[in-house]
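In the two complexes below, subunit A is the common chain; its partner is subunit B in one and subunit C in the other.
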Partner chain A sequence: MEFLRPVTWADALAAKAGQPDALPIQGGTDVMVEINFDVHRPPALLDLNPVRELAEVETLPDGTLRVGAGVPYVRLINELGDRLPGLAQASRTVGSPQIRNRGTVGGNLGAASPAGDSHPPLLASDAVIEAESSARGTRLIPAVDFYKGVKRNALEPDELIRAIRIAPASGPQYFSKIGTRNAMVIAVCSFAIALHPDERRVGTGVGSAAPTPRRATAAEEFLSAELDWDARGPLSVSVAQRFGELVKEAAAPIDDVRGTADYRKHALSVMARRTLTWAWNDHRATREEAS
Partner chain B sequence: MRVNVTVNGSQEAVDDVWEGESLLYVLRERMGLPGSKNACEQGECGSCTVYLDGTPVCSCLVAAGQVEGREVRTVEGLATAGRRDAAGDTAGRAAAGHDELDPVQQAFLEAGAVQCGFCTPGLIVQSHDLIERNPEPSDAEIREALAGNLCRCTGYEKILDAVRLAAKRKASAE
Partner chain C sequence: MRPENRTSSTAPRNQAPIKSPGHVAAHVGPEGRGRVGDSPLRPDGTLKVAGEFAYSSDLWIDGMLWGATLRSPHPRALIRSLDIAPALAVPGVVAVLTHEDVPGVKFFGHDGTLDQPVLAIDQVRHQGEPIALVAADHPETARRAMEKIAIEFEVLEPVTDARAVIADPERHKVQPLGGITRHQPVRVGDVDAARAQAEVVVSGDFEVGMQDQAFLGPESGLAMPSEDGGIDLYVSTQWMHNDLEQIAPCLGLPEERIHMTLAGVGGAFGGREDLSMQIHAGMLALHTGKPVKMSYNRYESFFGHVHRHPASMHYEYGATADGKILYAEVEIVLDGGAYTSSTLNVTGNAASLGVGPYEIPNIRIDAYGVYTNNPPCGAMRGFGAVQACFAYESMMDRLAAATGLSPVEVRRRNAVSQGSKLATGQVIESPAPLADMLTRLEAMPLPPAADTSDIRNLPGGASQTTHGEGVVRGIGYGVGIKNICFSEGFDDLSTARVRLEVIGGEATVLVHTAAAEVGQGLVTLQAQIARSELGVRKVTIAPADTTVGDAGSTSASRQSYMSGGAVQKACHAVRDELLAMAERKFGSTYGQLYLDDGYVVSRWNGIVGPIEKVLGEDVIEATREFHHRPTQKMDPETGQGNSHTQLALCVHRAVVDVDTELGLVKVVEMAAVQDVGKILNRLSLEGQIHGGSAQGLGLAVMEEIVVAGGLVRNPSFTDYLIPTILDMPPMRLDILEHPDPDAPYGLRGAGEPPTLSSTPAIVAAVRDATGKALTRVPVRPEHIVA
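Here is the complex of A and B:
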């Protein structure tokens, strides 16, 4: 095995181009598990820890946040929780403090597990993944197009993930996850909702309930049309119920060691209703504060 | 490959490191520092917790090459640092041959938070970090901080007692 240790982003891209089968490693919280158990022995590891650019967070001219692929979960929680509440909530459910000190959204995207905790909020917030190669430069991939199959993503062999581009929350966001305890849990299933009141639109993300993380598009369209965006009246029970059913219908889960398909579908409908209720109540409270 | 790393304040050059091995393996098998324990090798149990550049991490999930040029502090490095932190009178005791435990280690002993001892080094490093960052942690904060450290013996109550005791002592010493 080779160990590649580029110090700059340009060097990292050159290293990946020169050795496309090198496996990028950042926090190591997925990569090292597979090596320790000899599940996977890559010909080379490409250590991205020394690449400082990847640890940076910046605000682009249009207000979008550009979060470096190497920013660990602990920083998403502590530094970006106010602007990216959905992603911060999901980050807080990742592993344990030690894992959150090392693990990154970039790594979650690279691994592309359907159970990855960051995927649902990225989908709900219309995040865009910034990939780059030395040959073709930057490519912007919407999260919805990024997940291609179980542990497969849209990256080309010579590409690395540079950053995640995501707009600061324009409304309430929530993430919910089912597991046996509040730590060290791989999601049985998970759900994220983001209200975008200025666009009168709802975003969703469903995790661990299909071969890839996915949006519940029909549920989003239904809810965007039904919500009382202007008067911000109380949430109708039947609307919440129907939203839960549509989220359930968007899922295509399997039976496995963590849970059955039936349970996952049921849990998703409950999480969808609950997170919607929290989000809508927050939205209504905002108006009350303003008036 | 060779890995240059500072461990517990001492600069080391470790040779013949396999590119896929973990920091935990380097510490235990190549440097003779068996304090960090090898249990799950997948970040589930926290027994291998060490400081990497001042941040607690599972050393089983850090590739050895990733620590090049960086600083690692293991449970073996806490007692020494304890002496350094309390410079004055303890320097004299150290010279007289007493090994001054870190207050967190002392609290674990006194609270009976140690049974088989396997999880203890990881819990001590993680608790040490908690109290450094948050000198008066609530019970909920202690539980969350230690959520990634598994103990199969004590049932955690005495571990929580130990952390509360260490925090209290630190607060009254300051």
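Here is the complex of A and C:
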């Protein structure tokens, strides 16, 4: 197995172009497990750790955050938790402290497992994945178009993930995940919600309940229309209930060793209802503080 | 205990293989401190926490080969052809072996049941059964070459339903022995007559899933050809001498030419009672003339050892209106998988302890162990008593509900005490204060309501599934009884050699046993015993190996009792010789002598002198065997007999918060009362109770090897979940010391009992919170929300 270790981003892109079947590795929390279990024998590993640009976070002129693909979960939690609360909450549920020190959202996107914890908040926040190749330069892929199948994503063979572009939260965000253990567990299913009060819009993300992470579009549309954005009145029980039902309907889970399809659907409806309630209550509280 | 194994006056003859961290002196605990009853720190603790402890998987010697094992992908298949040529052709491969290359007997097994092929012969009977071995100069080469072995299978329909086997054992025979491995009835009184008297009848069907020992150190070791044509084996195991008895015939070597040394053991819990890579590495080393290392990866480890028997159980109890049990009718079916392993004795335990520590005048138990094509099952902490305990404690709660009594009161009314008879007719001769233990447990303060400001205190924990919505608290109780030491007529003796001499002007004791330290703390305890008995500060524990006599197995909660007893006995022999020597050297005028804190003292004339003065250049060495009192086989028809050496009780109270809408559980607190006879090392003991409780928690709410059609669906720690620190709550412990007059220091084995009672206590608490029947463990979220 070849081991490529470029030091600059340009070299990394050149290396990927030169050997498109090289598997990028950052934290190694996924890639190394698969290698150790002999699931994959990639012809080459492309170690992106020395590429310093990937560890950077910057704010673009329009206020969007550009989070390098190599920023580990622990930094998302500690440095970006105030601006990206949904992603930070999801990051907090990833593995153990050691895993969170090493693992990255870039790696989560590269693996594109339907159970990846960062996907639902990326979907709910309309994140955009910045991919790049030496031949064609930068390509911006909305998260909703990024996931193509079980462990398949929209990247071309010569592309690498440079960063995630994501706007700071404009309203409350929550992430919730079912696991049969209280920490360090792969999602049985997961859900993210983001309120965008300025746009009177709701974003969602459903994880581990379909071949790819997906948005619950009908649920978003229903809720965006039903919520009392101006008066910020209390959430009606029937709206929350209906929202949960629509999220459940958006899922297409399977029975597997981690849980049954029926349970996943049920749990999604409960998580959708609860996270909406928390988010809406936060939203109302903000108004109260402001007044 | 690797560090202790590697350097001492009786280090293995060949120290070359050990090239890894952890070369530390074998002094146990801070010098001069730590007698029986103290809590000296374990010598391996810091190393393990710092990641420096050398496990068997760290063994290394230059020029060694790596072994790999080709395993069956099918639960049941005939091997039509097998071609090793493509594997042999791979550069770097030195040997490829099949059953034809087994030098001696081609089968091994426990209890004289030699039914497990060293390598599969013409057919495979479970997924993961070893078929062929490869040795190569690199582990990856071995692994890739192994995949080139060409096998044609004729896949057969696997037998996977244990109850179907009982219904028609002849039809569902998966191997020459059966069928049914053991059917053990227990018959007491007249159940049918009692049924007519009963005012309350409760019944239930219960299931226990297949739990794994989930030790962290995979099966691994090193085999080296020795100068005498034999083999030096460095392995992690629970019982070297029993390994030896099985390995020697298969390798075609006399036992004395196989030299076993215990390597660093990364946990055991019963999973190392069966052989894994021992014979295989020995075959490769003999064949190639080179040292061979084998180390399973995590995936392979799930197929490399036996698991806890899954159980399917039917119980019916009849009682008086005031909750006194009149009869019990019980059927327990244990799925032992393809080979016998420990199923005979696990079934015996399930039968003899099938109704727990309760006085029941009329009993009809039928316990079955059966063969199937599911993964082989054998020893795991609790050994047959765990499965029955979940059922009989669930029954006690049903009886409580039916009679309107509290769960504690119904248990107290039926509790055994000293002098009670067990289901086997065996009278409990030492203290068994169960009713008092329950009263103490009930009186312990309850934990406060959860602080919901931190999601980690709530069900779902860090995953944030609730901020308090849907959360209901529940409380449950569990009681368990476990036999200590081997039962049913087995004389599981332990041997200890103790040597006393003056080194560097200081009296020094060397303790040498073959007892396996698997993390439980026996090395520490052996030194405590030597210090207590001989009053010497400096104690060294020699590496455990087979140059000293059998120490029996590190299982059945028996090593403190048995090897502890042997060390004590050998120390007494050394002491007696020392006092005799004092008399010889200084004349008999001193009169009656005794040892006190490192001094030989005369009852009449005071101090004779320090041990150093008495010994001078002399060396005293004594080797002693320790036996527990004899036991009897259970009667094959009635199950009657004094089958157990010692019995130990533990009781648990569990407090849980359940998210009733999502089915997620947070165990808030566990409280336990356990009678240990005598506390030898409180720190170690509390660790055992915490650990056993955690393992029981795992069985209650998450741990299961999921098997479908004979295939394991979750052979990884990604999907076989064991409790994290966020799942395991703080514990309140009340440890009682009612001495057992038959046991050394009055001690009672302590490692297993907490594994029994924690599981039913937690499930009872979840039932209390949810109102669900929950008849199967582990309880899954979908069971709660169903």
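Following the convention adopted for this analysis, the second predicted complex is superposed on the first by the 291 of 291 C-alpha atoms of A that agree within 3 Å, B and C clash if a C-alpha of one lies under 4 Å from a C-alpha of the other, contacts with A are read in each partner's own complex, and residues count from 1 in each chain.
Rule of thumb we're sticking to: contacts are C-beta pairs under 8 Å (C-beta built on N, C-alpha and C of every residue); 3 or more make two chains touch, one makes a residue touch a chain.
The model shown is predicted, which means the values in this text are computed figures rather than measured ones.
**Q** State whether A:271 touches subunit B only (first), subunit C only (second), both chains, or neither.
**A** The second partner, subunit C, only.
**Q** Would you check which partner chain A:95 touches, where first means subunit B only, second means subunit C only, and both and neither mean what they say?
**A** Only subunit B is touched by A:95; subunit C is not.
**Q** With the two complexes superposed on chain A, say which partner A:179 touches: subunit B (first), subunit C (second), both, or neither.
**A** second
**Q** Check the residue A:279 against both partner chains and state whether it touches subunit B (first), subunit C (second), both, or neither.
**A** neither
**Q** Determine, under the contact definition given at the top, whether A:32 touches first (subunit B), second (subunit C), both, or neither.
**A** first
**Q** Quick one: classify A:166 as touching subunit B (first), subunit C (second), both or neither.
**A** A:166 contacts neither subunit B nor subunit C.
**Q** Looking at the overlay, does A:257 come into contact with subunit B only (first), subunit C only (second), both, or neither?
**A** Only subunit C is touched by A:257; subunit B is not.
**Q** Please identify the positions on subunit A that touch both subunit B and subunit C, taking each partner from its own complex.
**A** 33, 36-37, 182-184
**Q** Any idea which subunit C residues touch subunit A in the complex?
**A** Where subunit C meets subunit A, its residues are 143, 297-299, 456, 459-467, 469-470, 661-664, 666, 701-702, 706, 713-714, 716, 718-719, 721, 723-727, 780-782, 785.
**Q** For subunit A, which residues count as touching subunit B in their complex?
**A** Within the complex, subunit A touches subunit B at residues 1-3, 5, 25, 27-29, 31-33, 35-37, 41, 44-45, 47, 49, 95-99, 101-102, 182-184.
**Q** Please output the residues of subunit A touching subunit C within their complex, sorted ascending.
**A** Within the complex, subunit A contacts subunit C at residues 33, 36-38, 89, 92-93, 174-186, 188, 190, 257-260, 262-263, 266-267, 270-271, 274, 277-278.
**Q** Applying the document's contact rule, which stretches of subunit B touch subunit A when the two form their complex?
**A** 1, 18-20, 22, 41-44, 46, 49, 55-58, 60-63, 65-66, 68, 126, 144-145, 147-149
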